[in-house]
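Right, one structure below, let's go through it.
Labels for the chains are A, B, C, D, E, F, G, H, I, J, K and L, by order of writing; each one numbers its residues from 1.
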Amino acid sequence: MRVAIINGPNLNLLGSREKDIYGGESFEDYLEKLGVWFPDIRFSYFQSNIEGELVNYLHKAASECDGVIMNAGGYTHTSVAIGDAVKAIDVPVVEVHISNILAREDYRHISLIAPACRGSLFGFGLAGYRLAAEYFSNSKDSN
Amino acid sequence: MRVAIINGPNLNLLGSREKDIYGGESFEDYLEKLGVWFPDIRFSYFQSNIEGELVNYLHKAASECDGVIMNAGGYTHTSVAIGDAVKAIDVPVVEVHISNILAREDYRHISLIAPACRGSLFGFGLAGYRLAAEYFSNSKDSN
Amino acid sequence: MRVAIINGPNLNLLGSREKDIYGGESFEDYLEKLGVWFPDIRFSYFQSNIEGELVNYLHKAASECDGVIMNAGGYTHTSVAIGDAVKAIDVPVVEVHISNILAREDYRHISLIAPACRGSLFGFGLAGYRLAAEYFSNSKDSN
Amino acid sequence: MRVAIINGPNLNLLGSREKDIYGGESFEDYLEKLGVWFPDIRFSYFQSNIEGELVNYLHKAASECDGVIMNAGGYTHTSVAIGDAVKAIDVPVVEVHISNILAREDYRHISLIAPACRGSLFGFGLAGYRLAAEYFSNSKDSN
Amino acid sequence: MRVAIINGPNLNLLGSREKDIYGGESFEDYLEKLGVWFPDIRFSYFQSNIEGELVNYLHKAASECDGVIMNAGGYTHTSVAIGDAVKAIDVPVVEVHISNILAREDYRHISLIAPACRGSLFGFGLAGYRLAAEYFSNSKDSN
Amino acid sequence: MRVAIINGPNLNLLGSREKDIYGGESFEDYLEKLGVWFPDIRFSYFQSNIEGELVNYLHKAASECDGVIMNAGGYTHTSVAIGDAVKAIDVPVVEVHISNILAREDYRHISLIAPACRGSLFGFGLAGYRLAAEYFSNSKDSN
Amino acid sequence: MRVAIINGPNLNLLGSREKDIYGGESFEDYLEKLGVWFPDIRFSYFQSNIEGELVNYLHKAASECDGVIMNAGGYTHTSVAIGDAVKAIDVPVVEVHISNILAREDYRHISLIAPACRGSLFGFGLAGYRLAAEYFSNSKDSN
Amino acid sequence: MRVAIINGPNLNLLGSREKDIYGGESFEDYLEKLGVWFPDIRFSYFQSNIEGELVNYLHKAASECDGVIMNAGGYTHTSVAIGDAVKAIDVPVVEVHISNILAREDYRHISLIAPACRGSLFGFGLAGYRLAAEYFSNSKDSN
Amino acid sequence: MRVAIINGPNLNLLGSREKDIYGGESFEDYLEKLGVWFPDIRFSYFQSNIEGELVNYLHKAASECDGVIMNAGGYTHTSVAIGDAVKAIDVPVVEVHISNILAREDYRHISLIAPACRGSLFGFGLAGYRLAAEYFSNSKDSN
Amino acid sequence: MRVAIINGPNLNLLGSREKDIYGGESFEDYLEKLGVWFPDIRFSYFQSNIEGELVNYLHKAASECDGVIMNAGGYTHTSVAIGDAVKAIDVPVVEVHISNILAREDYRHISLIAPACRGSLFGFGLAGYRLAAEYFSNSKDSN
Amino acid sequence: MRVAIINGPNLNLLGSREKDIYGGESFEDYLEKLGVWFPDIRFSYFQSNIEGELVNYLHKAASECDGVIMNAGGYTHTSVAIGDAVKAIDVPVVEVHISNILAREDYRHISLIAPACRGSLFGFGLAGYRLAAEYFSNSKDSN
Amino acid sequence: MRVAIINGPNLNLLGSREKDIYGGESFEDYLEKLGVWFPDIRFSYFQSNIEGELVNYLHKAASECDGVIMNAGGYTHTSVAIGDAVKAIDVPVVEVHISNILAREDYRHISLIAPACRGSLFGFGLAGYRLAAEYFSNSKDSN
């Protein structure tokens, strides 16, 4: 099973800045753990600060993967383009946010991506990625 | 580990009505599966259509459980009282919704409960409860 | 034909308080008149000030009645839970309000229940219940 | 007893267009049935697509009728003028809508006419006119 | 000097209905007084309940009059068409309302006509027409 | 092919007023040019300042034409009735506005007619009518 | 007859600044003309840029005058205090604005003073004060 | 004199949770102090997390008490039903909130209960109940 | 103990105008009663209709008093400046309103002062000042 | 004549996804047809999912083309940057949308680009591009 | 060169209160430093808590100064009167705020003064006044 | 001292387009002047029309510079991503806009970047960059 993980703007800073909010672990380190926990999944990883490159990668993932785990960061709340891309492709997308966006500023309460996603996970820290992977792993058998 | 599952209004109808949206499985049946998947967790289950009884049970769970999985149904969007109860207790609460509330009517886009929760899970169907349990199960070790 | 009449909060005070708005007749007295006007209908009656009990009774009515006449009182404007219950059950529900809610405070202009109802009747006083019963009575033949 | 039925814009198309929503019966046919059901009422009927002619007819009806049944169609949501006319005349007006306007687009949730009406009836199809007539018929005796 | 007075919907009822708000004098009677007070002005008068006829008459007045006194009644708050007509013509238009629209329902606080008018007069009763005529009368000399 | 052109309020003034915005050409003159450019289309033309007459003509056009080009003028932003009429009829309607309504006052940014139209054209001046006719002309063959 | 004219903030600049909007005449000069036009009225005049002094003067005028002509300038749109003062006193107040506030910025469309005034006059330039005085002069006889 | 104190949802936790906000004293302990401070008042006390039970108790208190002190907790902001109950009964109700609801989240700035109350007291901590009792105590004599 | 009472705009009219709302007692008379009821408190009193003078006096009171009782009148709803002043000073301020501002016009539902106050008291008439004084008097001992 | 066609995010998927909405034809195929229909126009084509590249290309087109046909896709509703670019350049831009954005989700009803465009075309499917080209083709001669 | 510095409400407290936000330096001390840094500028200084006095001083400064540096404090967000005064005078005004008003409460995000100012400076602490003076100093030569 | 200047979309056009708004000087020319005025600052310069590249450069500047001067152009009002980047980095950022964004269209009144900036400067033309540099230059010594 192939699952693409797509991280949006500023998530390249994970582990090096604002550690009190996002923790001190880099995503690359966490990715390795995911590989250990889910030996049956082949993960690919893409991060970009550029909205349109995230759209591009979603198009690409649609033909190469069985599932997408996406954290669109700040574009979550403003990007009609990414929301349209998620809706346009057939592969199931699970939305992850490290913090609970519903407990932060008002303008973060809206997700233009959620309506087209299979499911959304907010506030579990990096563990949200693990639960999303778990979802894909479980969905191979009945749940 | 003890985890309380609390379901709100109309979720007693699961499996018998609106099967196209919520599926044909009753929650009682699903609860059994959860027991099998998580042998290390002792689940308790409570369902009520009465807002204040959900508050009562949250108070009770606070002293008897290590975690709460809550689907407050229609009260999610209107109950300051349940949100206050979640904030008042110390035990971590994970919010689950079967459908993706962010993809439905506008008045379902607000959760008064999410800001006080550890994390929120929307749209995974009954599998959302499994992922929530997975979160508690994982959190015993590092994640 | 069996029709359940469900009255929500404060409607137990009918006939004893705010008589200038709601008149001086108790609902129990009016219920008797309904029995006389519609000999072919067996009415059951339930009143509660508790939102969740109204949900419970709607679930119960769904399997025991051919129609429901509901005045959800103050819950009309705030209860996603009752609106969901009306939508979840198959039996037709007719919404009644004694006063014209569209002519009162702004927060009474919204009905979360109406969208799932067969029809809505506002402002006819107690006569609204009679018209609702008339609707069920007529609907046995073509109209 | 004389009751005027006033229908607003596009209701002349009843029975010939959008039959899935409004049914296949023309209002003229239904009017005949009303005559049979209510032999004690003399119905007059007026339809216009022109807002101001509806105002004119309301003025006229005020001196010639004992009651008015009005479906202002699309003007319901925008016409201060018709609302003012209903308020200006003394004869009781009952508002009817074939579909449940509270379950349609947001801009149909407002009625500028309802606040001045005796009562409002939404969503019963053509049967709403029958219930409105029933209201006038009943109101001759105590209800 | 020629001045057209244009009255909108329901103003034909002046003097016969809602006398507590609008007084017991018909506009025809008041028009005679205006003739006495302003012997130098030739008044023409038009009343219609139909929005488009008011537009038509404004077009006509543009070439026949030196000034227009307009009370658009309920169309004041909703008619882009009349506002556009006032803007399109060159003759100065003075807006009059018998009651103070800023002291009534919220939806009457907006005038789509005022922005294109020379001036607006609210709340003086029928005396507002006199003041408007006074304005035209005065404007012949310096003011 | 028969195409009806329907113009709403104040468009009878085209060419004689506000020439800086709308140009100095009357619609009658432009209509002649259209006849030259599209010899295969038989144009009928209707203009009214009265909302309901536009509704009437839409009903009429539905049975007599293959397409409608409509500029509802100021009614565009307020007329539920015309929007309903467009939706009720089967013949395709193309909406035209001479100026770009999205670049003018806020209250002109809404079109209650557009959602039921085949397409909308804003801001091309009178050339918008030519493009709309082009659309109908092209649609006879594949595009 | 005694009439107080009260002018609010920045109106002391009349005639010396922004002459294209407000004209080149000082209010003191205009006041003299008013004295000539209305020999039967004794005018007193007060101008202040301080909100509370306008309140003070309204209290004072209540016992000394038969009428007040008030242009509250920029306080019109924000001063609950002045609105309360107008409501608290018994003497009739007529509101005047030199420009048409309904044709300017959105925040000038609201008048917190109008609801308590006898009438409001917008957009007539300085001539608005003359019309207001005319109102008081006329109101001594029947109008 | 009999005064009922009614506490809403989560107020049973007073003294045991969120002590930094609400203090460490249980309401039962405070009730005893009230008894000492006001020997002339017989207090009854009711707490419930269930909205409808608060309605029930208000109905009951109406016939048994001379005054009600009510802290509706989270229902304050959402309960049309409790607001209606307060309006329906004749006994004076004083609203109390421990914290200053106007200084907290936006959704706590609204009280649906206040408009029907004799007075409202926010932000005095438990001392608010003492002041409310003081009000009833004082009101026996002139104030 | 020294307590300053500060009254805002129009409160100098207490007892002489709008007696049906505010009663017939002047504040000076009530102040004397307060002196009798609270012999342990030395009251100072200040009233002004000028917003900035209220700010000035708050600054002054901060160094001379142990507590402030403030009724900012109409400035309550609009004065960021007074709210800032209350926040800037260290002495506790209790907000009083004679009428229940939450039961009046919408623009009176907001208090820019409340968030910085120790507590707020609405709707008790002049008795609100007594309760506020009671609060300061009680707060010397435990409450 | 040189005309640039610029397509925004997800429009590279045309013809391969969501065919029920957008049809089964790729834009490249359609571009060829355009070449046939308009032999006098040299078309250049640019598509990007990256907002800033669309800005870049607009700058470039400004010096190389006589007109631009732009479908900014999802950026239409959120991109101040593209709107500013259209305003900054001198070459006329015609806005095209395949579907009628005014008939879809609320957040698609806004175009930040339209106010700076020569004209806008919504809802004609791919034929919208043809009409836009027609506009440029016609504008060489009088229209 | 003469530059007036005008400070609004509560800024007289600078250096003595809320030092964590505004620092411990009084404005008088800072004014001396400004004199040292800008020997070519003659500064005048005015502070008032009274809105109208700020208007008065702006009028005065217009004829006596070459520039104004204004911090209107809390009146920034509510004073149409000060905004009008800035617009009415010819001398350039630079707006300064010590804290970043765009990062504080919502009601501080609006400046009614900024639109009429030459420029605005937020969040630089007292250094903002230095930068504003720098602007005037630089503007004597080309920049 | 190293200061990065970052310019967003369309600012590459400075000096060549819309010269009436932005002046005729290119930013490159102005940059040279800055070098002369501030010999103690080493300026680096980056301009991009691509939102994500601005995020990238902010990350880079964080480790290479002592301060950032940022004009995010049209992304100012919509980019959560850039706002997050400014918040994530430690280096102080000063926001500059050439025109006064608070005096332009409503959608330009919001800055998602300001809340994380040290200070904001609007409306000074290119001189705003000079003042921002002045701020960094001054901040080396006490101010």
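Everything that follows uses one rule, which is that a contact is a pair of C-beta atoms (placed from the backbone, for glycine too) under 8 Å apart; a residue touches a chain by one contact, two chains touch by 3 or more.
Model, not experiment: these values are computed from the prediction.
J.: If each step moves to a chain the current one touches, what is the fewest number of steps from chain B to chain F?
T.: 3
J.: So if I superpose chain H on chain K by CA, what angle comes out, to the nearest 5°?
T.: The superposition gives an angle of 120 degrees.
J.: Need the CA-centroid distance for the pair chain A / chain L, whole Å please.
T.: Taking the average C-alpha coordinate of chain A and of chain L, the gap between them is 31 Å.
J.: How far is the middle of chain I from the middle of chain L, if each middle is the mean of its Cα atoms, in Å?
T.: Roughly 47 Å separates the two chain centres.
J.: Quick one: chain I and chain J, Cα centre-to-centre, how many Å?
T.: Each chain's C-alpha centroid was found; their separation is 63 Å.
J.: Mind pulling the residue numbers of chain F that touch at least two other chains?
T.: Correct list: 50-53, 78.
J.: By the document's touch rule, what are all the touching chain pairs in this structure?
T.: A-B, A-J, A-L, B-C, B-H, C-D, C-H, D-E, D-F, E-F, E-G, F-J, G-I, G-K, H-I, I-K, J-L, K-L
J.: Given the complex with chain G, which residues does chain E contribute to the contact?
T.: Listed in rising order, the residues of chain E that touch chain G are 100, 102-103, 109-111, 114-128, 130-131, 134-135, 138-139, 143.
J.: What part of chain D is in contact with chain E in the complex they form?
T.: Residues 50-53, 55-56, 59, 78-85, 87-90, 112.
J.: Going by the contact rule set out above, which residues of chain F touch chain E in the complex?
T.: 8-10, 12-13, 17-18, 48-53, 73-78, 107-108
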